[in-house]
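What follows is a group of structures, each given as C-alpha cells.
Next come two complexes built around subunit A: one with subunit B, the other with subunit C.
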Partner chain A sequence: MKIKNIIITFVSAIALLLSTSAVSFAKVVGDKIVLGAAVSLTGKYSSNGVHTQNGYNMAVERINSMGGIKVGGKTYKFDIIYYDDESNPKRAAQLAERLISQDGVEFMLGPYSSGLTKAMAPVTEKYGVPMVEANGASRSLFTKGYKYLFAVLAPANLYLDVAIRTAVELNGGKGVKIAQAFEQDAFSQDVRLGILDAAKDTGSEIIIDDKLPKELNDMAATLVKVKQMKPDVLVVSGHTKGALTAIRQISEMKVDVPMLAMTHCDAAKLSKQHGKNSQYALCASQWHKTLTYKDKWFKDGMTYDADFTKMFGYAPPYQAAESSAALLVFKDAFERANSFDQKKVRDALAATDMQTFYGNIKFAPGGQNVSKPMVLFQVMCDSAGKCENKVVAPLKWASAELIHPIPKWSER
Partner chain B sequence: MNKNLILYAAILIFGLAAPFLFSAFKVQLSILCVLIILAMTWNIQGGEMGYNSFGNILFYGLGMYLCASVQVGMFFPLAEWTESGGEKTFVHTPAQFFQGFGVGLVVAAIVPAIVAGLIGYSILGLRGHYFAICTLGLGVAAGEISGGIEIIGAGQGFTTPPFPNFGGLEARGEFFYFCSFISLVLTFIVVKSIYSTRFKLVLNAIRDNEDKAEAMGIQTMKYKIIGWMISAFFCGLAGGIMGGLVGYIDSTDVAFDGREMGVFMVLMAILGGKGTLWGPIIGASVFHIFKEGFWTFFLGWQYVALGVLIVVIVIYFPEGIMGWLREKYPERFGEVVDEADRKAQVELK
Partner chain C sequence: MDFMVFQYPMITVQACLDGILLGVLFALIAYGMALQWGVMNIINIAQGDLVILGGYIAYFMYLYGIHPAWGVIVSPIIMYFVGIGIYKLVINKVVDRDLFISILATFGISILFMQLMNFAFGADVVLANSGYGTTFLFDSNVVLPNSKIFSAFVSIVFAICLVIYMKKSKLGRAIRATAQNARAAKILGVNTEKVYAATFGINAALCGVAGALISITFTIHPYMGLPYTIRSFMIVIVAGLGNLPGVALSGMGLGVFEEFADYILGTEFRIGSVFLLLVLILVYRRFKLSKKREYLK
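== the complex of A and B ==
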C-alpha cells in the first residue's frame, strides 16, 4: 500500500499548500512596507536577474539600516517578496497577478528585461499598483499610456546612439558604414531602432542588418559578412550572452573593424572573462562608478562600487546600480506622499525629481527617466593584461580618450 | 447515467462558482482550463490516434497572434500598434475590446483548423518518430518565423490590448476565466461526443494498426486530418484566450512556446492516462496544482521537484493515473472480472 500512502501524502500536501498560500500578506505589515518583485533567477536572463535582485537587496539593507522610511510620523522598513519568473513573460504576467491578488502586494519593483516588464505592466496597470522598474528600457513601454509604470533608466533607443554619432564625428562628419546584429528580443530590437534613427540623421549607411536568435550562442555568419564588407562600425546587442558570444567569435575569427559598439559588457564581465580579447570594445552603459552623482545613502558611485563588491563579491554592473536606485525612488515617493494610498504614491512618483548616486531621476509623462544620459565606456587593458572599463563619452565624465580606430588583430 | 449527470452538474456548478469562491486564484484557474484544453486536444492525436504530435503548439501560437491582431486591427492600424517607436497611444473602448476579442477568437479557432488541414495533408503521411520530429520542427520554425514578421511586432513582441476600464478590479480575471471555462466546456462536449462515435474507433484502429485499418477500407488519411483539425480548432481558441490573459505575446516564449506548453501538453496527457476521456483532465489538474505548489515552496528548485514528480509518475503510474485506477478497480470501468478465472491465470503463471 505504498502507493496509497504516496497519494495521501500528495493530497494532504496540496491541501496544506492551498490553505497556506491563501494567506495574504498585505502591503504594510507592522513596520514593514512589502514590495513585490518577480526577477529571473533561472533561464536566459538569470545572471542579470541576480544582478537586479542584489541591487534591490543592497538598497533595502541600506535604507533600513539608515533609518528606514518615515510616513505619517512612523518609521517603516522595506521588505521584498521575490518570485522567479524563469525569464518567461507568461510566467511574469502570472506572478504579477499573484503578487497583487494573492500576496496583497500594493507596490511593485520591476523584473529584468523589457519583454518581462511588458508582460507585467498591463497587470499592475489594471490594479493601479505603482511599479518602479529599473530594467525595462524598451521605448514601447512608454507609449502605451501606462500611468503606474516608472522607469529609472534611459530608454533603449538611446543606448548606442552616441557611438554612431561619435563614429561620424571621427569620420569628419561624413556618414559611416554600419554593420549591425541584434538579438530577437524587445530590448535589442529597440536598440536597433535607435541606430536606424541615428544612421538616418547622420547620413550613414547600414550595410549589414542581421537578426540573431534568442539564446545567442553563434554569430559567425554575421562576422563572415563583416570580414568581407569591412564596415566602419559593428554594433552588437543581445544581453549578456550576446556580448560574450560577440567577443569570443570576433577574437577567434580575428575580425578587424575600426569600431565595435555593444551593450551589456559589464553585466557579462567581459574584461574579466575575455581579458585582452575584449580590449577596445565600446559599451553603452546606464551608469559607471566614476560618474559624479551623489546621494545620502550610497554617497557616490565609487562608494557604491566598493560596498557592493564587499557585500556580493563582484563589481556592480549598471543593472545592479539602477535596481538600487529604484528603491531610493520609492522611499522618496513614500515620504513625499506621506501615505500608503496607491494613487497618492503614484502622483508622488510622477513628481519625482531627485539625484541619486546612479544619476538624476525625473519622469516624463510616459514614465521614462528623461534626465539621465547614457555613457559609453571602452574596455582598456594595460600591458600586464589587466583590463578596465573607462568612460570615453560624454566628454563631461570622460576619464580616458577614445581609442579609434581599433588596431588590427595582426598588429596587437 | 444519472450518476454521470450529477457528476457533470456538480463540476459545472463548481466551475461557475470557482472564480467567486477562490477569487485570488482566478488566473491560475483560467490557465488550468487552457491546460486541460491543450491536454485533451493533444490526446486526440497522441492518445487515441497514436500520433505523437509536438506541433499542436503551432495552432496555439497561431491562435494567439490571430486573436490579438484581429482585436487590434479591427479598430486601429496594426502596424502602428506594434511599431515600438510609435508615439501614438491607442485605447480600446469597452465595446471595441469585447467585440474585437469575440471576432478575434472566432478567427483564432477557424484559421488554425484550416492550417491543420493543409499541413496535415502533407505530413500526416509520416509515421512514428518521423511524424514527431517533423511536428517538433513545425513549432520551432513558427517561432522563428513569427519573430521576424514586423507587423506582429517581430522580436519586440506584441502587447495585446489592455483590458478596458469596465466593471471594477475583478472584471478582467472573471472575464478571462469564463472565456476559458466556456471554451473548456465546449471542448469537452465536442471531444466526448466524437469519442462516442465510430470516429473514435477509427482513430483507435489507426493507432493499433494503420495498415490493417486501411486494408479494411477506412480512409485513414481523411480521419487523421479531421482529427487534427478538431485539435487545431480548440488549440487556437485556447491560444487566443491565453494571449489576452498574459497581455504580451512573445514569439518563442509565449506563443510558440514549444519548450514549455508544447511539452507540458504531452506530459499532462500521459500523466493522466492517454487514450482516455478523463485522463488529460485529471493529468492537467494534478500537474498544474503541483507546478504552482513547487513554485511557491521550492523556489529555485521547482524544476527539480517537477522532474522528481515525473520520475515518480513514470515508475509508479506508467499508464497514467487513469491507467492505474483502471488496473486497480477494473469493475468501475465496466470491465467484468471473473475472480476464478483470474486466479486460475495467476496460478498458471
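== the complex of A and C ==
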C-alpha cells in the first residue's frame, strides 16, 4: 500500500512539473513569435496538408531572412509549432486546445479544409486567440459571428459564380440552362449555394441538380441526363474525386456540353492524369502564378512559383500560395498593432488592407477576404498533347481567350 | 423522386446495361468473399481494401508506361502472395474461433491497410487510363465505355476459369471437401491448413483482378474500399454460399438496382440504397427463418 502511495505521489509530481514547464513555452520566446498550427500530415487530406505546411514554412523562412517582424523597436522572427491532426476534426479541436492551454500559443494558423477549420474555430474563439486561416472557404465559417477568425481566401460560394456570369454574358445577357452535380459536403454545398444565387441573379434555370455521395466514383446517371436535357453549362464540384470522375466519364461517354466548370482541377492534376481529355474544362482557382499582384517578400506569382519549385521540388498549387499569404498578413498585423496583446493584434488584423503576391487582402466583418476575386482557368492542350492551365476570366488577368463553346467530341 | 428513367426507353436500356456491366464486376469480388466464407467461415471486412490495393498495382504499372490492362494478370499474382501473407500472419490464428473474432481481426486489417496505402501511395485520387474507346448502340442513344465492357468480360473469364479449376483440380476438390466438412477432410488426409491458405490467396487474387479493373473503369483512393466490402457482403447474403450462378445473378441485380436508385432517388442515395436493401433482405430472411422454425415445431 505504501509503495503504491509513493508511486502515485511521484507520478503526479512529475505530471505537475511537466504541465508547468509547458506553459513557460509561450507566445513570444526571446526573439521568436511562436505560432501554432495543426495540419493534416496523415489521413485523407495529407497531400493538401503538406502543401499547406510547405506554404507556411516557405513564408516563415522568407520573412525571417528578410529582416523579420519589428514590434516595439525590437526585431522578432516567426516560429511554428506543428501537430498532425490526422485529417480528423475531433483531433483538430483537441490539438487547438492543446496548443493554446499547454503550449501557451497565443496566435494560430489554420488547418487544411473547411471541416477542420470549423472544428478549431470555436476553440480559438473561446480563448480569444487570433487565427489566420488559408484553407477553409465554407460560407458557414463566416456567418457565426467569430471575432478572431480571418481567412485570406475567397469564400466557397464565389468559386464558380464567375463561370455562370461568363456563360450568361456569352449568351447575350440571357439566362442559361444549368446542370449541376455537387458532393454532399460543407464545401461543395456552399459552392452550390453560390450557383443558386448566380442563377437567380441572371435569370438562369437549373435543370439538373444532383447530389453526389462521399464515396462517389461513378456519375454516369447524371451524365446520361445531361446528354438528354442538353444544358448550356455543366457544373461539377466534388473535390479531386469529382473532377477526375467527371472528366473520365464525360470523355468515355462522349458527352457534349458547351461549357464545363469545376473545382479542384489543379489538386487533381487533371491535365496530367487525363491529358487531352481534360481539354476545355474551366476550373475555379484562388490563385494562379500569372496574376500580376505584387509584394515585397515574394515579388510576384511567377517568382513565387520558381522559388517554391526550387525549395520543394514541385510547382505550388494555390493551397500553398494562400498559406504563405497568411504569414504575410500576420506580420503586417503585428507591426501595425506594435504589440503582442491578442486584442490589439485582432483589431489590427480586422483593419488589414494590403496587397500580397497572392492577391489583395481585406477582411469583411465575418472574417472572409472580400477583395480578391476567384479566377477561372481553362485547360488548353497543343497538338502534341501537352496541356497547360491558362487564365481566361476575369478579363483583367486573362492570358488566353476563352474557347467557347467546347467543340463536340465528334469534331475533335 | 424523378421518373425520367422510365420516360425515355433508351435511358432505361442504358441504366440496365450499365448496371449489368457493373454488377458482373461486383459479382467477381463477391465470389471471392463467398468462397472464403464458405471454406473458412470468415467474413472478410478487408475485402474492399484488398480490391483497392490490387487497383494500385495496376495504377503503378500504368505510371511506368505499361498498359494497365496487364494489371489483370500481374495484380492477382502479387495479391495471391499478399493473401497468403495475411493468412500466415493473422487469419490462421482466428480461423477456428467464432465469427465475431474473425470480423474484428479483418476489421483491424482493413484499417491497417487503409492507413498503409495512404502512407505509401498518398491521399490523392488516382486512375489508370486504358485508352479504350466507346461503343455506341441504338443510333448512339446508348453509350457504353469500352473499359466497362472490358472489365465485365475479364470478370466473366476469371469466374469461369475459377469454376473449372474448383471442379477439376486437386486443390479445387480439396477446397470443396474442406468447405463441406473440415474435420472429415482432415481425417481423409487433406492438409486443411494449406487449403485455408490457398483459399485466402485465391480470394485476394480475385480482389486483385477486380481492383485492376476498377482502376481502369473508375477511380481509386485509399479510403474507398468499404463500399466494395458492403456490396459483396450483400450479394453473398442474397445468393447464399457456394451458389455461383446465384452470386452472378444477384451481382447483376444489385448493379441494376443501384443504377435505377441513382436515377429515381438521386445519386446521393446510390450507396445508401444498397445499405437499405441489405437491411430489408436481412429482415426478410429472418422472417422466413422464423416461419420455418415454427413449422419445425
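Criterion: the second predicted complex is superposed on the first by the 386 of 412 C-alpha atoms of A that agree within 3 Å, B and C clash if a C-alpha of one lies under 4 Å from a C-alpha of the other, contacts with A are read in each partner's own complex, and residues count from 1 in each chain.
One rule holds in what follows: a residue touches a chain if its C-beta (ideal position, glycine included) is under 8 Å from a C-beta of that chain, and two chains touch if they have at least 3 such contacts.
Computed from a prediction, not measured in an experiment: that's the story for all the values here.
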| item | value |
| --- | --- |
| Contacts of A:331 with subunit B and subunit C, given as first, second, both or neither | neither |
| Partner chain(s) touched by A:51 [first = subunit B, second = subunit C, both, neither] | neither |
| Touched partner set for A:102, first subunit B, second subunit C, both or neither | first |
| Touched partner set for A:184, first subunit B, second subunit C, both or neither | both |
| Subunit B versus subunit C as contact partner of A:211, first or second or both or neither | both |
| Contacts of A:289 with subunit B and subunit C, given as first, second, both or neither | neither |
| First, second, both or neither for A:62, with subunit B first and subunit C second | neither |
| First, second, both or neither for A:140, with subunit B first and subunit C second | first |
| Which of subunit B and subunit C A:42 touches, first, second, both or neither | both |
| Per-residue contact with subunit A, leading partner among subunit C and subunit B | B |
| Shared subunit A contacts, counted only where both subunit B and subunit C touch the same residue | 42, 87, 184, 211, 213 |
| Touching residues (chain side subunit A, partner subunit C) in the complex | 42-47, 87, 181, 184, 210-213, 215-222, 224-225, 227-228, 239-241, 244-245, 248-249, 252-254, 268-269, 273-275, 277 |
| Subunit A-touching residues of subunit C, taken from the complex the two chains share | 4, 8, 11, 14-15, 18, 22, 115, 118-119, 122-127, 129, 134, 143, 145, 147, 218-219, 221-224, 226-227, 259, 262-263, 266-272 |
| Touching residues on subunit A, where the partner in the complex is subunit B | 3, 6, 13-14, 17, 21-22, 24, 41-42, 82-84, 87-90, 93-94, 97-98, 101-102, 115, 118-119, 121-123, 125-127, 138-140, 143-145, 157, 182-186, 188-190, 193, 197, 211, 213-214 |
| Subunit B to subunit A touching residues, read off their complex | 23-28, 31, 84-89, 91, 144, 147-148, 154-157, 159-160, 162-163, 169, 172-173, 242, 245-248, 250-254, 257, 260, 289-290, 293, 295-297, 299-300, 302-303, 312, 316, 324 |
